[in-house]
Structures are given as C-alpha cells and as structure tokens.
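There's a structure below that I have some questions on.
Chain lettering (A, B, C, D, E, F, G and H) follows the sequence in which the chains are written, and residue indices restart at 1 in each chain.
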Amino acid sequence: MSKATNTAVKVGIIMGSQSDWPTMKEAADVLEELGVAHEVKIVSAHRTPDRLWEYGKTAVDRGLQVIIAGAGGAAHLPGMMASKTRVPVIGIPVQTRALSGVDSLYSILQMPRGFPVATMAIGAAGAKNGGLMAAGILALQDAELAARLDKWRNDLSASIADEPDRDLI
Amino acid sequence: MSKATNTAVKVGIIMGSQSDWPTMKEAADVLEELGVAHEVKIVSAHRTPDRLWEYGKTAVDRGLQVIIAGAGGAAHLPGMMASKTRVPVIGIPVQTRALSGVDSLYSILQMPRGFPVATMAIGAAGAKNGGLMAAGILALQDAELAARLDKWRNDLSASIADEPDRDLI
Amino acid sequence: MSKATNTAVKVGIIMGSQSDWPTMKEAADVLEELGVAHEVKIVSAHRTPDRLWEYGKTAVDRGLQVIIAGAGGAAHLPGMMASKTRVPVIGIPVQTRALSGVDSLYSILQMPRGFPVATMAIGAAGAKNGGLMAAGILALQDAELAARLDKWRNDLSASIADEPDRDLI
Amino acid sequence: MSKATNTAVKVGIIMGSQSDWPTMKEAADVLEELGVAHEVKIVSAHRTPDRLWEYGKTAVDRGLQVIIAGAGGAAHLPGMMASKTRVPVIGIPVQTRALSGVDSLYSILQMPRGFPVATMAIGAAGAKNGGLMAAGILALQDAELAARLDKWRNDLSASIADEPDRDLI
Amino acid sequence: MSKATNTAVKVGIIMGSQSDWPTMKEAADVLEELGVAHEVKIVSAHRTPDRLWEYGKTAVDRGLQVIIAGAGGAAHLPGMMASKTRVPVIGIPVQTRALSGVDSLYSILQMPRGFPVATMAIGAAGAKNGGLMAAGILALQDAELAARLDKWRNDLSASIADEPDRDLI
Amino acid sequence: MSKATNTAVKVGIIMGSQSDWPTMKEAADVLEELGVAHEVKIVSAHRTPDRLWEYGKTAVDRGLQVIIAGAGGAAHLPGMMASKTRVPVIGIPVQTRALSGVDSLYSILQMPRGFPVATMAIGAAGAKNGGLMAAGILALQDAELAARLDKWRNDLSASIADEPDRDLI
Amino acid sequence: MSKATNTAVKVGIIMGSQSDWPTMKEAADVLEELGVAHEVKIVSAHRTPDRLWEYGKTAVDRGLQVIIAGAGGAAHLPGMMASKTRVPVIGIPVQTRALSGVDSLYSILQMPRGFPVATMAIGAAGAKNGGLMAAGILALQDAELAARLDKWRNDLSASIADEPDRDLI
Amino acid sequence: MSKATNTAVKVGIIMGSQSDWPTMKEAADVLEELGVAHEVKIVSAHRTPDRLWEYGKTAVDRGLQVIIAGAGGAAHLPGMMASKTRVPVIGIPVQTRALSGVDSLYSILQMPRGFPVATMAIGAAGAKNGGLMAAGILALQDAELAARLDKWRNDLSASIADEPDRDLI
C-alpha cells in the first residue's frame, strides 16, 4: 500500500509486467501527490490469469473504487478486469516498439457493449491522466479531495508562462 | 430531463450536433434502462463555445456527477469540457466518413497531462459503454443502482447462447 | 458436435458472439468438407469469462487438438484461451465497422512472449484458412486426413483456369 | 513583441506549451527575416482556456491579421481559436512521440463546416511554412512585403545546385 | 465568373477534374452566399500542366487574392500552384476510393519549406471551409465582407438547437 | 492472344484470380487501344506456383518485353515473377475488402534489393497506368508506338474542359 | 541441426536473410530450451527461389512437422512455403525500418483461401512465440514435450512478482 | 555524367534536394556497377519548376530512356515529370521524419489515369531497385547489358549462405 495514506486503499493500480512500471509510475505519483490511498500490483492477463480473476472478483468487497490498468501489445488486462467487476476500470495503453502503442490502444479501447474501459492517451501522459481521472471520480464523494484536485488544476494553469523561453530549444 | 426519473440530473449527455444523436442515443437509452436521471443537450465546441463555457463552469454547482460528450472529426468538445470542470468527462468518438472516426478518436484521446477524458470505443458501442461507465461511477455511491447494474451485467451474460444459430447468416 | 463425424471432437470452433458466425462458418464448412470432427460454441471473453475459463482448463482432458477462436474489436478471446491451455489456438480477426478489423487483428496478433496465437487473415478468408491450418496440424498424426488435405489442395490448384473469363466483370 | 519591427503587431504566434517552441521558432524566424511584426505567446487550450478566450475575442480589435497556432496531441488550440475569431488561423501540428503528429494533424485539420484552420505540414517545416503563409496573406495589402517575399522565394530557387554534392552523405 | 458580383474576380477555385466538382461546389456556394467574386476552372496538374503554369504566372497580375485548389490521389495541383505564385493557396483533399483521401491529404499537406498550402479537412466540409478561409483573408481588407462573415458565423451559432431532436435517427 | 494484333506477344498481363479481372481489364483495354500485342493469363502464386515458375523461366525466350501482374491481399505474384525473370515486372495492387488494398500495396511494393517491381496505384487507375507504362517502355524501341502514345496523351489533355459542368453532381 | 538433440529434425526455422537472425534466434533458443530438434536455414524467396521450391517439396518426406519462416518487407517466404507444402507454416513478421513491420505483417497474414500461415506478433516476441507454437503442435503427439511445455508455462507464471520493483525505471 | 561510361546518357537520376542524395546514391551506384551511362541532377518540383519543365520537355530529344526521380514528403517531382514526358519515370519515395515516407509514397504512387510512375520501395532499397529496373528496361535493347544484369542477379543468389552466421547479432 502507498505510504501516503493510512486509510483504506481506494485505487488499484495494476499492470501486466515490470516493464510497464516506468509508464504507470506517473499514475502512482499523482495519486500520492493528491493523497489518494492506492496499491500497485502486477497482474498479468496471460501469465497470471487466476490472479486477474481473483483481483476482479474481490474488488467490490475490498472497497476498491477505481482500478487503473496498464498494458501493452495485445493488452487484455483492462478489458478482462472490466469483465470481472463493475468497479470502474481506467485503461492505459503502454507504448510499444513496432506499433507505437496503437496495438495497445485498440485492444483496450474497442470493448464490446457491456464492458466499458475508460481509455487514456498512449504512454506516460495517459498514466498521469489515469490517476487524475481516478481522483476526479473519488472527489465526487470527498469534498476535501475535490478541493485538493481543484487546487492542483489551478496550480497547473497558473504555472503556464505568458511567453515561451526562447533559449530553451 | 429524462422522464425516467424525478430526481436531480446526475449525468449530462452532450454532443456537438444533431448528427451525433443516432450514436449518442445509446448512452441515453442505457441510462434510462438503469434509471439514472440525465439530460441531453447540444453543445458545440466551435459553434457555441460560450454554451460550452457555461456548461462547464456550472457543472459542479448543478450537481452533475458525470458528463458524457460525443463528437466527430476535430472533436474538441470532450477535451474542452474536461478543461472547464473537474466533473469526470467520458468521451465518445463518433464515426466519420473519410477517416472512420480515427480523427475523432485521436482528438478525444490524446489529451495532455492534467485533463483526462475517459475515451470509449468508436461509435454506438462506445456510446452505450459511456452510459454504463457513468452508471458504474454513480453506483459507487448508490447501492440500489449498483444492484441494478449487477443485474444488467448478469442478464447480459445469461443471454449468451451456448452455440450460434447456424441459420442466422 | 458436427454431424459429419461420429468420432471424438478434435477441433473446437469458438466465437465471441452470434454476429461472428457468418465469418466463422467458413472454418466449420471446410472442416466438414475434410471430415474433421469439430464442435461450434459461443464463448465470450467478456460476457461469459467463466465459460472461457472452463473451456480452456478442460481442453486437454477433453482431447481437443486445436481451438479456432474468432472475435472482433478488442478481441480477447483467442489470447485469453491461449493463456488457459497449451492446446494450439488459431485466431480469426473478424472484420469490424469503424476499423475494418485492424482492431481485431492487433488484439489477437500482438501477444506477449509465452502465449502464441496463430493469427489468420482478417475475415472469412481467415476463417477458412483457420480450418485448413487445423486440418494441417491434425494431418501430422492422421495419414488419411493428410491424403484428403493433399487432394483438397490439388483440386484447388486444378480448378484455376488458364485465362480469365472476360465476360465476368 | 518581436524586436524586428516597431510597427503594430500583425501576426500572433501562439502555442500550447514551452515544448512547442523548438518547432514554432521557425515561424518566428522567417517572419523576422521578412520584417513582419509579430508576437509570441503561450496559450494553452486546456490549461489556460480563459487566456484563449480573451486572445480570440480581442484579436480583431488588436489589429491582428493572422494567428499561427501550434499544438501537439489532442491539439485543440488552433480550432478553438478559429471558433472565437474570424482572423485567419494557421495550424501547425507538432510532432508527437507515440503517433508522430498524426494525432495533432487530425485534431487540427478535421474542423467542421464554419471554422477553417489553414493546416500546415507536421513539424518544423510546417511552422516555417506557417510564417510564409502569414506573410503571403499580409503581402496582399503590402507591396513592399510582397517584394520581399518574392525575393525570398527567388533566392530560395537560386540556391539550388544543379547536381548534388556527392560527398555529402 | 460568378453571377453574384459584378466586381473583379478575387478568388480562383480550381480543381483537377470534373469529378472534383461535387466536392468543390461547396466552396463556390459559400463564396456566392457571402458575395465574393470568384471563378471556377478545371486545371489539371498532370493533364494540363501548361494551363497550371499559365494560371500561376498570371495570378498576381490578374488580381487574384486567393486560390482554392482541390484534387484527389497524388494531388499535385495545390502544391504546384503554390510553387508558381505567392498568392495564398488553399488546398482541398478530395476523398478517394481506396485510401479515403489520406493520399490526397498527404500530397497536399506535406509541402517542403518555402511553399505553404493551407490545407483543409478531407472532402466537402473542407471545401466549404476553404471558401470561408478565403473570405476571412479578403475580409482583412474589406469591412463589409467582414461584417457579412461575422453575421454568417453568428447565424450558424444561433441555428444550433438546445437539444437534439430525438426523432431524427 | 489479343485479337488487336497479329504480331508476337510483347506484354503478358497476369493476375492471381478471376476476381482480379475487372481491375486488370483496364490494362488490357489500353494496350488494345494502343495496338500493343499482349496475352492475358491467370497465374496464381499460391495455387499454381509451378505455372508461375514456368511463366517466369520462359519469359525472355518467348520474347516478352514487359509483364503486368495484378494481385490482392498477400499479393506475391508480382514479386515472385520479378524473382524468376529479368523482364520488367509492373505490379498492380488490387483493392481488397478489409484493408482497401494497402495489404496488396505493401506486398508488391516493399521488395528487397535486387528484385524491383514497378508498382502502380491501387485499383483500376493503377491497372490502366500499368498498360501505359508498358507502352512507354515498348515505345523506346518502336517509333510508331511512340507516336501513338504521344497522340493518346495529347488527346487526353485536349479533352479537359476549361470549367466543370456545374450540373454534373 | 541443433546440438540440443540427436533425434530427427522436426522443426525447420527458415529466414530470408542473415539480417533476420537476431529476430529468429528467439525461436531457435526456445526450441533448444524445450529440447525440440530443429534446423536453421536461410531460404530467400526472391534470391533463392529454387531453394524455397526444393525445401517445400521435400518437407513432408524429410519428416518436418512445422516450418517457422521469418521475413521482412514484401515478406513472401512464409506464404510461398505454405503454397509448396501442407506442413504447417508459422510466419514471423520481421520489424522493418520505414514501415515498422506492418509491411511484413500484411504480406504474411493476408493469405488467400487455401494457404494458411500462422502469423505471430511483429519482431522478436513473435519469433519466440513461433517456437512455442511449434512446440505446442509437436506436444500433441509427444507427452514428454507436453510436460516440458506445461512446466515452461508454469515457470513463466510463477516468475511474475506481486508488485513491480519501483526502482527499475 | 557518370565517369563509368563514355557513351550517351541513357538514364537521368533526379532528386528534389541534396538531402535525397544518400538515398538516391544507391541508384547511381548500381548503374555504375552495371556500366549504364547516367547523369545525376537536382530538380526541385517546387523550388525549380522551370528546370523540371525544361528537363521533361527535352528528355526524348536528349535520348533519355529512363528517368529515376526521388523525392520526399509532398513528393511531386516524379509525377510532374511523368506529366511532361513519355519517357518512363521510376519514382523513389524518400523516407521522412514524421510519416516515415508514407507521405512520399502516396504522393508518388497514386497517379491518375494517364501518367504512370513506376514506384519502388520506400528508401534506399527502393533507390537501388530503381537502378535495377532502369537496367532491366535498357536490357531489352542491349544484349550485353542483359548478360551483365543476369550475372548480377546470379551473383546475388549465389552469395546467400545456407545458414545464418549465429554470431552476427
């Protein structure tokens, strides 16, 4: 569990393999920053399908509110998780070598009627936004988190300079 | 407002133009089926930008919990709405003529860090899943809706025949 | 079970939904033509994940030698089946509306190390070839089937006219 | 404002973030070279939407004749600016990591009827051409600039060697 | 020349072949609507290259202010025209059969440094926007046209209903 | 052999199957029009590989000067023919259902060093141009054919109207 | 022949050129690991077509059970081999420079009815999976190999950590 | 003119800019190797259109038999040259940064009926094959060149090792 909180885990960050971590780290970091309790697990759809099954079947009872799932290539993890639980699943398409993550994207995005996956942009920007989307969902029930999220967004806007620094090329 | 409920509107379904309605209708229909109060509006990012601004700025105060935004081509509506409110925005890429909705998809999906849009599949399947994702988010705070959603999912699974009907070609 | 044979089922043809049948029928037809015992089932990765689990876990014990799995969109069925059994899985990408089956293709093809899916061409040609590939695998242990397959291939070659019929436009 | 001129700013170069500057610099440089008064600003569609609104609403009154807007990914800046002002908007799709700028391109190009964006090539060549297109538009009312632009074009043509230098590999 | 005006032609609409007319008609129609004097010509880059040469070389002297050029496939007309004149060239990628106009788009868009083409969306929407972009450029020198264009834009915005007509499917 | 000539066959038009004929007919028609002796054959790379072998090995001795080969999907015919003979091979990518002929194109175009295939546009326009390219190659040794080809090109240019017929929509 | 076994060669690994070896090595390595007798050859469809013919025609008699064929670009080797023998052919699309292996993929995958190629993922992961698919096919007749393959799969699953190592970025 | 020969120039190698030379060098080198007289020129469609015009109009009279034209991006050079002369034009799509040469490819390949361009693979392999295709065309009238080309092809085939060198990774 994240050291940022001592409360119950609300968000599960899962990924297909260790190699997804540099991408998915951005989701964990922004949840940390916003003080959202979360856990980080490797759950491989193909290599550990029973772990996926177990994770999905217990998600509601464990009190998970959002699952952020990252995967690359034939990225079955987010969609299979959405099949196993009604907890909202956010999918992060990890960039790949030959197809730049378009394979990951299509595998995550093109879900059939009945099993939505909230798909984010390809790569690290998508992972960060996955964390922010999770926070936005939790903020619906948590006024303090809502305030922190509003501040985070305002700070981002305030950080934008009026003109580019012309020496940064 | 939807006639299905007499409670406050929780979900805003918005779209860029009348031509998006045949797609977006699936979102409205499944929310109706699940008894989720919603409204349906045309908000065009380019033709009615001030309407977009107003919708986004008042979303939190009006009590909206989820916004489902559908658009096609240079589909700016979902992303601009995500810029104006922290209410979770679900984006539906409407299929287009020349580029089959890949243009809509990239415009909705590839948001920069800070402003997530929960992107669904291209076209009507995506719109239906947008409605289900909205229901899943609301179900986190509404046990009765959660039960209805669980039943909806179970009914879907139970409806699948064991073998295809070989005469349906 | 197919009426063509009274022997044990060797090939399982599975598909995600009824709508895949017009495509997958070509696999069944060519196996029928070659006298290969097979069954035809609907197994949906997302709507009936437990059926998928059961099918995969019992495949070896039931004596299945090849599984032909067709699916469209975020086509998780072939890859998840490959995760659950070492019986060779042949994947058929069903053509889709917005993305022409490229989504199905990438979801089936781009499997990670450890879980191969023998991917065929998009659509009906791929389904027919899936049946032929299954027959080719079984023919390694069945000289009579090998002879029938050789004849089938020779007949196909012999059927090619020397010149096109110029009136067929 | 550019130091190249002491006259009123005619061209606004805007971009979504500092990271677009290495690309957009080519637009500024060629305007400098041609003696066209311009300003360079960061205006983020998502992070500073009110700045975008203000910029668009005041463009006519401030005497801007052309706006060159560069952005990457879900590049909403050029299109939203075109929605807010009738001043001609030139869009520059900035190259991106996963999708090479095809995402930027589609988001900028595929505008609905009513709100044209004059889209240039992806990346730095597009930015330079954006500057030249702006100069071409201004030259319609400025015979001296027209002469400078003609000379610039003639010099470019004259600089082309008859044969490649075979040692430059 | 258009019957809408009795003043000098300001805009040349050119296209590679008769088959481009159903697309390019939208450019002519909106210029007609806005009272902008224009001409409509067939100029084929490959079949009538000398006509292209002549058109380009005389454009400035004939007083053309904008050229709108539509073409499909290996669409060389807009780019070659941009090479022959400094009059701003707007390019319209006509939709094609096999490649949906992506071939037209890349041929028009990806111009090298020195010769910008203001590329619009693929197909009829792009042609209409080409007419509007031309009007926007001319409006920089014509206050009455500017007023008509502002009204056209305001009327478009005002025409957008608040909700979709649910019976229009 | 074509009835248009009584001289030796100079051009071989080959295709993978009867279904390619509606496309490849354009090559035959333009050769007929230009009076170039040709033959039309079905040669399937996969179904009649020995026929391909024989055709390639005898091409030089039979006096063939150009081979026009059309195929769709995994279109191996043009490239394999180029491997078997030094007679110039022109490849025609036939449009396909799922991938619009991009599969045919890549299979024909992306030949390794040593075995060029002169690839034409996807579909019927490419087939016609294949015939014209063959005529252009033969015209290098045949002044009368060169004159006929020059006339054909001039007639095409002369047929282009000055303005589109506005009633042809 | 592989030094790993002293039994008859069951699997032929072939590739179009030396440059495919870094990719195809993964197929050889995993067969080595699983104790499957195999050979490794260069067979170029275009440069050594007669070698391809000979290899295909003798495959059954030589006792080959599976052929794994890797190629890049206009990758004709797997499909032509499938045309020459009924021994199951597994195709490996080698990644290419300009088109990232999508050219290889389409050339291998899109086979016409009659000649299936069991296509694997683009690049090295596909080559490894090609070896595993070959092993899975052979395991249908070899209980000891089946046990080794089951163990290999179980070991892979068991190697997956519960959480990512957060220091591996 | 190439120093390799003292005979009349038969092949013109032209390219849009110096930056195309590293690609186009392969065409020059293989012509050198085969003893084919050629010249190498920069002819830019956009920057030196009059040079293009002149080159095309004099090609027949100068005795050119083949023109090899390389270009990148909106690669108009090959197609415009094909419009100006009936001398066969071979097009080489130069690889580009953002779109990997797919832009070059479509601009060169998708020519309308009447003006064929013999398109080669993207990049350096295509340039080499352009040289070989030119040699193959010239060999139709030159038995000695035909013999040299046959030898070149045989040498290539003979150079292919039987097995890959396993140490070359």
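Methods note: contacts are C-beta pairs under 8 Å (C-beta built on N, C-alpha and C of every residue); 3 or more make two chains touch, one makes a residue touch a chain.
Here's who's who by UniProt: A, B, C, D, E, F, G, H = N5-carboxyaminoimidazole ribonucleotide mutase.
Just so you know, these numbers come straight off a predicted model, no measurement behind them.
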Between chain D and chain F, the fewest steps along chains that touch one another: 2
Shortest path length from chain B to chain D (each step joins two touching chains): 1
Cα superposition angle of chain B on its copy chain E, in degrees to the nearest 5: 90
Comparison of E-F and D-E (more C-beta pairs in contact): D-E
Whole-Å gap separating chain A and chain B, where each centre is the average of the chain's CA atoms: 19
Distance between chain centroids, defined by C-alpha means - chain C, chain D (Å): 53
Distance between chain centroids, defined by C-alpha means - chain C, chain F (Å): 35
Chain B: positions in contact with at least two other chains: 17, 47, 73-74, 99-100, 102, 109-112, 114-115, 121-122, 125, 156
Touching chain combinations (by label order): A-B, A-C, A-D, A-G, B-C, B-D, B-E, C-F, C-G, D-E, D-H, E-F, E-H, F-G, F-H, G-H
Footprint of chain A on chain B - complex, ascending: 65, 86-88, 90, 105, 109-116, 118-122, 125, 128-130, 132-133, 136-137, 139-141, 146, 149-150, 153, 156
Residue ranges of chain B touching chain D (in the complex, touch as defined): 16-17, 45-47, 49, 53, 73-74, 76, 79-80, 82-84, 96, 99, 102-103, 106-112, 114-115, 117
Residues of chain E that touch chain F when the two form their complex: 15, 17-18, 20-22, 24-25, 40-42, 44, 47-48, 51, 73-74, 97-100
Chain D-facing residues of chain A, complex: 95, 100-102, 121-123, 125, 156-157, 160-166, 168-169
